[in-house]
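In the two complexes that follow, chain A is the common piece, with chain B as its partner first and chain C second.
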Partner chain A sequence: MSEDYREMWQSLGLDLAGHDALLGVLGGAYQDIFLSQKNRPAGMAYFDFVMSEVHGLRIRELLDEKKAGRKIIGSYCVFVPEEIVLAANATLVGLCSGADFAMSEVEKLLPRNTCALIKSSFGFKLGKVCPYLESADMIVGENTCDGKKKAYESLGHLVDNLYVMDLPQVKSDHGRALLKSEYLRFKTEVENLTGVAITPESLREAIQTVNKKRAAIHRLSALRKADPAPISGLDALLANQVFFYDNPARFTDSVNKICDELETRVAEKNGVFPAKAPRILISGCPMAVPNWKLPFVIETSGAVIVGEESCVGERGTRNLTAESGNSVSEMMDAIVDRYYQVDCAIFTPNPDRLNHIREMAAAYHADGVIHYGLQFCQPYLMESIPVEKALEEKNIPTLRIETDYSMEDMGQLKTRIEAFVEQLR
Partner chain B sequence: MQKRFAGIDIGSRTIELVVVDESGKIVTSLQADTGFDPMTAAKALIHDVPYDRIMATGYGRNLFEISFDTQTVTEIKAHAIGARAFFPDVLALLDIGGQDSKAISLFESGKVKKFEMNDRCAAGTGKFLEIMAKTLGFDIESFGREALLAEKELSISSMCTVFAESEVTSLIAKGKNRREIARGLHTSVIKRAAGMINRVSSDGDIVFTGGVAKNPCMRHFLAETLGRTVLAPEDPQLVGAFGAALLARDIRDIM
Partner chain C sequence: MTAYYIDAKTAADTGKKVAWITSSGPVEPLIAMDVIPVYPENHGTMIGASKMGVDLCEKAEAMGYSRDMCSYARADIACSPTNGGPIGGLPRPDMLVCCNNICGTVLKWYEIQARYYDVPLFILDTPVIHTTFSEAARTYVRHQVADYIVFLETCCQKKMDRDRMAEVGRLSIQEQKLWQSVLDTAVNRPAPMSAFDAFFHLALIVTLRGTQTAIDYYTLLLQEMRERIDAGIGAVPVERWHLLWDNLPVWYKTKWLSDTFASREACLVADTYTSAWCSSLQYMDETDFLTSMADGYSRIYLNLGVDQMADTVIGMIDHYGVQGLVMHSNRSCKPYSLGQYDIQKIVQKKRGIPTLIIEADMVDARNFSEAQIETRIDAFMEMLTP
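Coming up: the complex of A and B.
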């Protein structure tokens, strides 16, 4: 990343020394994990560029949008509807929480046994190293797991633009009504922020924009069903991660371009891994940039990841929003319907998630499932045991991994994953 | 001349080298301490040993793979193969080594069905027993025998090495019987190991491997706790290296 961004970072109030350190680690990891892969699709060059400019050009674009009067909204969860944000002339960005930062400061505010994702989001704030967070005009928190719910109370003291959305925990008429009223409240809040009233036209256009982005990812996912897999799980994960940062239209084009290339690869049986390489489905907690640890270990152990049952993955992107509504109210209902299906582990009971894992394992021809739980993440760790049991009853080998962002357990992780891959051969 | 196949198991505490002939019979077996520099120790161990092909396992396998350009196998699979060579019908295996422990269940075919490994710390491993033996003033070789001589056990509530050590120290200070304390320590390791085995396999005989399998108190009470037969090979520490050597023999592609 070039030097001319320093002024921009400074103006955002970033801690330049800390930020340099973060970018240094990020760049090194990217080199080792992504650029060292063999036979990558040429279209990945776009994502390499995006990643190299993730704190540079993309932030400049966002600041330019701001200058032109657009608002930036940051979110921590796939329950925050991008359709509403876009329709009110604002841009939604995901706030990445995939690396430990300023941990000693974080542990002054959060108990040690808080999941790495939450700790990381605090670390990025306290360490002043996230330009997305600092550019945001509004930060949306949401009442999902207990950890996040309570953490937002503390985050509220660190930022002055936090908005907290309530979310249901049970899929019921009440739950749906709550989601709807919260989306309506959010809509008003966003409209107030931007001063732009959402119209049927703007909302329809926003729905279409987001649907296209999702459809592009669906196309990418479908191509991963092929054996040999035409793209590595790491690269596909990266596309799913960039989903949360990039300009939607440009993202859609870039993913579609990769898909054109992958179609040729599939036709030519040209894979990134040899045919018959063990195929793995990952299921569990979201993997935010730059959390590439587990996929890296898996794919350097000779297996290929063919799908992610994750919010940075198919749990987040499946299901389109119906485009048929005529009025804002009809379209808001369609948005509620679409998001209401997200089967996050904070719901109880949550049978849809298990069904989805089974469906995915079959659709992507997975030989085994690795359940990824962040240490201290109650919802997903709790679900991992019945998930494992249910899958094994169907003779789908399953490995439960519980880990965090540190590298301390790399040796053990490698042994467990390699042994699991040996088991699948 | 018959071909020779070697397996080297580079663990955190010890390194084992086993060489087998074409029929799978052990012709050489050696052991050394891992020390601070595992690769130097490994190099010294294989120095004068002739073999046609070697396979590395254990936590140091990847380092060895780079230094010696060989193939590797995880200790899970290596143990499964080694254990089945000793006990062809067994479907469950418990390995407690210096710093880790694992429980493995197998299909009838000998393939790994499911496995569990201990967490990051030393609780429930050989290291734990070693430190406790020292605290109690026993040498590790006789620790199990002494514990077996106890008439009852004193229960130890902590599994954390640090806390358990202070618990033991205070029991000694209170004048409690050292053998009874030793028995209690064994029981706490066994409870953990039994839990691990039960999560992967619910019945049938169990092969017990790793350095801790040499401990008679562990073998005795593990069998009693589980109500299952516990089998231990003559030298339970060699099982991983033996399995790796057999695997080196069975890969035909390079030959």
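Coming up: the complex of A and C.
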């Protein structure tokens, strides 16, 4: 951290001792997992800086935005449309949910068999260590899985600015109509919060801004198809994670800059792993900062991760919002169409996800797929079996992993993944 | 129930169609279409009560399913390829009907079974109601109810008889009222029945809702309860404490739990589980049953927000005059178990009665520690004593 932000954190009501402990662990993990990698692209220095200031400079920026009258909206899910938030002169940030914290307090509110992601979001609130949550003027929950649906009821007792968005669990014309009504309700709520009416111009600009972010990530993803891979899966995951925190325009520039560098690397066949290293596609639950356990184990087992079929990855970013609309109504329809394509496991049936995994495996020349399920995440764990079956029918080796945020199973994971990687060679 | 299962098991011979349906799913249109409804969750209760749950859950785990997945789902999925369970597996379905007003797990579970049996699946998606049932959600569900009728007409290759549907709806409402009356008899002292009895008598309101058989059964049961009230016959020998149960039963330990509480002079006079089958009665319209199904099936207890659930619990505490609340934190059921700590706090704040949370599972006995739970029940009973 380049400055002392203690006064700022104190003003947000953070528990400084707890927060220091969190940053201490985070810094150490980052050093061991990211900075120890060999031959990293120089452009990753930007992301290293972002991570070093993720609770510092970025929070100061957000607070400066608030002072200037801009509102901050926090979310836990890719179904919250950033376009609507930006168009109403607000900033959308992802909220902390990638590490265990204050678990003993969390388990006074939630059953032990709740997934790590939900428990983490509560831990960061109860432990008072998430400056994003404490900076937010509105926290958006969304009715995805059973756990979240009920957990937001409990979170609503801990915060006074929770807004819950409904989502259909089936894809149909009726489901799309429900989603549209929810996005229109959200638009009104955001406009009321900011006092800014969304116009065709502001919404078009917002759509373009977010699309540029996504397009930059698409460019980065396409470069990972090369062999040798020009960037590690860990670093690419980091870019996908920073997608949720950073200023959109600056993020887009930074990703494009690193892509320029990676294009040169690809041309020079300069990879972070040797050519023909086993290539892995990860599929399944999202990995929020600082949930880097599984990618770290995979990439220290001799394989390179070439893609993430995940909300923090291609599931969350792959589709663009159509920019052709002229009116707010037309653009809202485009937003609904775009988000309704997200093939989250909360939808049943969900054939698009299976097709997408197959497409990704082919496009990224993956030798195998590792399905990552968070313990107690029923939607993804239940989908993992048909996913495994369908992939193996196509002779794509698949390994299903069920884990959480703890480090207790590191040895077990390492053994299983090394054996899987060996099978791919 | 035996006749019902014989009918269901011989459906292939009698030319009747069989639909598997979720426990709180809209069964009335199936009855109106002469389709035999079969409930994998009821099957789960039988598996649990027969103490066959662990074996079947382990079989599902060997098939690759997580031990953390709902034990009803695991037991049912394992039964399909093995014809396991107390009745040698359920009859093969011609269609599946899944309503997610109870949980999201049923969506994937029924999809797995639809794939296994290669039969059509209809999903009725009922958005959770945190505070109010929005007009958009109501419209969404109503459209799906209309689609449901089309689905049934397509599967059965015949038009629905709307008069028959209206009659089935009327019977269903009548049964729900009767069931509520049966449960209400436990306000008497001594209580003529306990929640453990309700767990048993529940079978028909779930399975045969919308039929005369259920009307006849609950009419007789109500009469018997009234006779017990008149004769002063209670469900437990000595009834000093009146308690409320929350969440599904622990099917393989109902007798043990019943005996444990009874031996401590406690009667569980009511529960939030069995009453859920009449919890949205106020939204059902006898004169327009199909239209009212959107509200009726969306606004059941388990699909409500925590504050509304807490209001229901407090209403039951007052109605049944209970002195303590026993909550089963059910490893299998997230919608029931998440939020229980909030409800516990609300109850303690508003009514100040002792509460007990026991951790277990409805079917998988590996998640039940008898000694630990007995110790906790003893500590709880001590809290009740002034």
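General remarks:
Here, the second predicted complex is superposed on the first by the 423 of 425 C-alpha atoms of A that agree within 3 Å, B and C clash if a C-alpha of one lies under 4 Å from a C-alpha of the other, contacts with A are read in each partner's own complex, and residues count from 1 in each chain.
Rule of thumb we're sticking to: a contact is a pair of C-beta atoms (placed from the backbone, for glycine too) under 8 Å apart; a residue touches a chain by one contact, two chains touch by 3 or more.
All figures in this text were calculated on a predicted structure; none of them were measured in a lab.
Legend: residue contacts after superposition of the two complexes on their common chain; A:385 is shown touching chain C, with no touch to chain B.
In the superposition on chain A, A:418 makes contact with chain B only, while chain C stays out of contact range.
Shared-chain residue A:174: touches chain C; no touch with chain B.
Using the contact criterion defined above for the overlaid structures, shared-chain residue A:111 touches chain C, although it does not reach chain B. In the superposition on chain A, contact of A:29 is made with neither chain B nor chain C.
Taking chain A as the reference chain, the count of touched residues is higher for C when chain B and chain C are set side by side.
In the superposition on chain A, A:182 makes contact with chain C only, not with chain B. By the touch criterion stated above, A:346 is placed in contact with chain C alone, chain B being left untouched.
Of the two partner chains, chain C is the only one touched by A:164; chain B is not. By the touch rule above, chain B contacts chain A in their complex via residues 59, 62, 73-77, 100, 111-115, 117, 120.
Against chain B, in their complex, chain A makes its touches with residues 392, 397, 408-409, 411-412, 414-416, 418-419, 422-423.
Those residues of chain C that touch chain A in the complex are listed here as 63-66, 68-70, 100, 103-105, 107-112, 115, 121, 123, 125, 127-128, 130, 134, 136-137, 139-140, 143-144, 147, 305-307, 329, 331, 334-335, 337-342, 359. Residue ranges of chain A in contact with chain C, taken from their complex: 108-114, 143, 145-147, 149-154, 157, 164, 166, 168-170, 174-175, 177-178, 181-182, 185, 345-346, 348-349, 373, 375-376, 378-379, 381-383, 385-386, 388, 400, 402.
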